[in-house]
Amino acid sequence: MRAASSLLAEAAAPAMAPPRRRGAWRRLLHNRLSALGLGLVAFFSVVAAAGPHLIPYSPVTQDLERTLQPPGAPHLLGTDEFGRDVLSRAVHGARLTLAIGLAVISASFLIGFLAGVGAAVHGGVTDEVIMRVMDVLLALPGMLLAIVVVAALGPGTASLILAMTVYNVPQFARMSRAAALGVAHQSYIEAAGALGASPGRILFRHVVPNCLGPVLVFAMIRFSLTLLTAAGLSFLGLGIQPPTPEFGAMLHASRAYLWEAPHLMLVYGGAVSLMVLGLNAMAEGFRDVLDPASG
Amino acid sequence: MIRVVEFVARRLAATILVLLGLSLLVFLMLRLVPGDPIQVYLGVEVADPTLEQRLRQSLGLDRPVLVQYARYVGRIVTGDLGRSILTQRRVGEDLLPKALNTAQLATVSLMMAVTAGLSLGTLAAARRFTLWDHVGLLASLAGISLPVFWIGLLLQWTVSVQLGLLPSAGKGGLERLILPALTLSAPSVALISRVARASMLEVFRQDYIRVARAKGLAERRVMVRHILPNGILPILTVVGLQFGYMLAGAVLTETVFAWPGLGRLIVDAIKDRDYPVVQGAVLLVGAVFVLLNLTVDLIYVAVDPRLRRSAR
Amino acid sequence: MRTRRWTVSLGLMTALVLGGLVGPGAGQTPADTLVFVQGADVVSFDPHRTVELVSGNVNDKIYERLVVLDEKGGVQPRLATQWAVSPDGRTWTFELRRNVVFHDGTPFNAEAVRVNFERMLDPGLRLPTAVLLGGVSRVRAASSHTVVLETREPFGPLLYNLTHYSIAFISPRALREGVDVARQPVGTGPYRFVSWIPKEAVVLEAHPRYWGEQPTLRRAIFRAVPDGTTRTVMLETGEADIVANLPVQDVDRLRRRADLQVVVHPFNRVVWLMINTQRGPLRDVRIRQALNYAVNKQAIARAILRGFAEVPCSVVARATFGYAKSECYSYNPSKAKALLAEAGYPNGFEVRLFSTSGRYLMDRETVEAVQGQLAGVGVQVRLNLMEWAAFLSSTRRPPDQAEHDLALWAFGPATNDSDFVLATNFHSSAWPPAGNNRAYYRNEQVDQLIMEARATVDDSKRKAMYGRLIPMIMHDAPAIFLHELKQIYGVRASTGGLTFYPIEIVGITGARKMR
């Protein structure tokens, strides 16, 4: 504990450096981390947007005579267990996977953040009701949720998004509530209240900006975990319907071929890792840059 | 003190409502979903409507759903969770050992995740923008770049097959706990370390920290009195959430390592539409979540005295 | 500086904890114990309560039946030493083996058999085994070791049905005393029950008073490991002596290892894509034949099942009693297109295919390949992969509510008799929801022949009738006949003496281990 607290004390030192005034964008690009993140995210966005038009192979056309081919010509990244072009599947998969992740996280962020911050700021009965509903949602098994949604909407991308959103909302709510609680009782907020600022103004001018950081970082990690949740659903036989290329399902399928065709795992796993890295580096970069105290 | 007791009492009362709501929700969801426990039990070889109807009657599955639910609640009150449709074993009897297995895995895994996550996160915050910070990011992200079944397979292959150090799967002594616990902790390490870094940096910039320093307070005192309590809430929340999910049963880890825990029990029961087992397990998980969240909320109050006012 | 010391000590601690545990390692199983790893756990030790295979494989060691299948799939005596059937085909007399005792010491005799049959047939107990005993009306003990079974009508498949692992005998004393046999099984088999931790392991030990040859290995442990890749790992580390359902992708790699062997054995499970014969273009037999020609079964068997499947030329598997070779529907896309055009669908149409994922060997991969191949003749397939329970109920609706055009369906009769396959899957009385005829197939001549064969107790005559019946069904093509699976086991090279059957049961009494 001694060692830990002195370590924490040291942690404060850099933050004491006086802020240098620079444009946010310049700082963003100057920060190696965020530059890396931005670069990767830009790369994947371009790939997702333009890639499908550049690759000559379809992601779904099979060739059972040429399955599990290693990278080379004519299939640059080889073929999968059905002889489909891996590069094409990866590129189409990136598009769908990013879209799903984005939809799930923005929806759960929006709902969860509003619910959590609302609960923290209102307190009392509102807080109780919101958070107890979130407790119920937390305890629902994800798989049951997925089956129910599929039963209601039929299998497909929409069901996947809805199920994973419901799964994520209570986490965002708890997270945002905790972050908001940390600032809601600070003296400057109470001072603002005493000076007659409206609750809405207090909320959006003071509470939200001061608790957004951890929630944002949390959101990016959840974004990454969503890619893996999709893989987990495929593992349980509830993933996306074939032959749609989606990274979760492809990661799951590639596991059986680790020894015969390691390129499948390297390509899909590598792509997911880079996506995860890019998104998180970008989020943390943003956080650092937007932080007025950052140097 | 009295306020805290009141707060706990109120929350415990709310727990009953939460569990009632949860059980009704799960009850309805299970019956809304396609699939019939009797068909699963009889399998592909026996398809006989008369036998199916008789089985359904004997289990009370032919009654209206709300009647079934009322009877279920009636039995729950007396402590009877019913019997599995598939195995006819008592639900409570199977639930408890599996929950203990899960608790064992979750505890070890959480300890690993908190140790690694806090170290990485604090280090990254303290040595911000240095190599340490970047290494911390990469190390924690490694845990969420690959799905659990990949990490598990890679660990099994290197540690068990190649090095012959630890057994690959199944339940047993501590040596069978390490690989699954490691696998299960991977995403939590990422979450904890990143949130720890972010929330500590969030605190560093607050005015009162500057004020405290300007007052000439010793750094350690600033840390213990101001930074830690203020930055800890999000970290605590993440730890609580992750622990909750681990306690609810990590089905992928349990499947890959053939660990007989709650996650597999629930997922198998959902697959088999074994209603009483799913319902009993979800009730247990619900109670765990509620108590865990209550504990986390109590710790909030303990570390952050100002919150006591809000615990009216 | 302090930071570094802190990190270093943490690292040291971790190393110490890990180091202390290195001792046991992965290791090997004990010399007197067989560790058998299966994909699932036992559901019940009451053989009359469960007709499912994983339980069957374990109960097969604890309990015995009157007759059993041999390695080729024929009938062999077990607790019955001989039998005879009356000329009218309605009375079967079984002579029972003497000096057989249950694990609790109760003698096995005609009375024990009678009590067990009475239990299986008791409607109040709602036991699924009753369905297998369809025609049996009365069972009586003619003498201490002679049992007579009477059937309402002559019932040809009776003997094969009696080989089913569910028609097994429980100690009458245990039943009388109300022992919960679902958890405390008491049989006459070579192994007796020791313990069961659900989803973990079943432990059995040799029954010292077994009438036959004593098991070589004193103990047998059955472990439930759902993930195939993990089962392979356990075989590689030596934690398992035999694993069932080895993933096909691992076979080549394991075959290169001297300490492991891969056992491939014929299986009587056939996989079909049932065609909903009551819907749209699929009502036309030419269309159904076209679908059969359009699917490249050879390529699927080779590329996806890695050769661990045979292309079927029959409704039933080669090992099944009554097998007759018929139309093979070899891959012929131009013929498929011609048939489609002839039937008025030159540009194809769209169908919905319902399938499970992960239930049968490479099922998802198979239907994905079918989807690709049918697209080649213009038939667009919309896949609907579902989990098992949802699949079972969504494909078991009355024909006017059916949603599937095609449904993946696999059947491996545990009795190894064609009657079981044809009557439950292709007789019109088995249309869902009454039964498993998910093709809603009806051919009155076929219906009649199935029932005639069933009423024939002379097995050579019965076989000849299936020889006429099977080509009729193949011609009507109520299904795309995809493949006949094989069983794949991974076994430690040091383990020998196992016996394999065309159903997923492995005999372990002769198992031995070399060091």
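Lettered A, B and C in written order, each chain numbered from 1.
In this section, a residue touches a chain if its C-beta (ideal position, glycine included) is under 8 Å from a C-beta of that chain, and two chains touch if they have at least 3 such contacts.
Every value quoted in this text rests on a predicted model; they were computed, and no experiment measured them.
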The chain pair joined by the most C-beta contacts is A-B
Of all chains shown, smallest offset between own Cα centre and global Cα centre goes to B
Whole-Å distance, C-alpha centre of subunit B to that of subunit C, is 37
Subunit A and subunit B have mean C-alpha positions lying a whole-number Å distance apart equal to 20
Distance between the CA centroids of subunit A and subunit C (whole Å) is 43
Contacts with two or more other chains occur in subunit B at residues 33-34, 123, 126, 149, 153, 255
Check: subunit A positions touching at least 2 other chains come out as 4, 6-7, 10, 147, 151, 236, 255
Each of the following residues of subunit C touches two or more other chains, namely 3, 229, 387, 390
Given the complex, residues on subunit C that touch subunit A span 2-3, 5-6, 228-229, 247, 249-250, 252-253, 296, 299-300, 302-304, 356-358, 364-365, 367-369, 371-373, 383-387, 390
So, in the complex, the side of subunit B touching subunit A is made of residues 10, 14, 17-18, 21-22, 25-26, 29-30, 32-34, 122-123, 125-126, 128-129, 133-134, 137-138, 141-142, 144-150, 153, 187, 190-191, 194-195, 197-202, 204-210, 213, 219-220, 222-224, 227-228, 230-231, 233-234, 236-238, 240-241, 244, 248, 251-252, 255, 266-267, 270, 278, 281-282, 285-286, 288-290, 293, 300, 304, 306-307, 309-310, 312
In their shared complex, subunit B is touched by residues of subunit A numbered 4-16, 31-33, 123-124, 128, 131-132, 135-136, 138-141, 143-145, 147-148, 151-152, 171, 174-175, 177-179, 181-182, 185-188, 210-211, 213-218, 220-221, 224-225, 228, 231-232, 235-236, 248, 251-252, 255, 258, 265, 269, 272-273, 276-277, 280-281, 284, 287-288, 291-295
The answer for subunit B against subunit C in the complex is residues 33-37, 39-49, 51, 54-55, 58, 86-89, 94, 97-98, 115, 119, 123, 126, 149, 153, 156-157, 160-161, 164-171, 173-175, 178, 255-258, 260, 264-265, 268, 271-273
The residues of subunit C that touch subunit B in their complex are 3, 7, 10, 18, 21-22, 24-27, 43-44, 49, 51-52, 123, 126, 128, 130-132, 182-183, 197-201, 223-227, 229-230, 233-234, 236-237, 239, 387-390, 392-394, 396, 409-411, 413-414, 420, 424, 430, 433-436
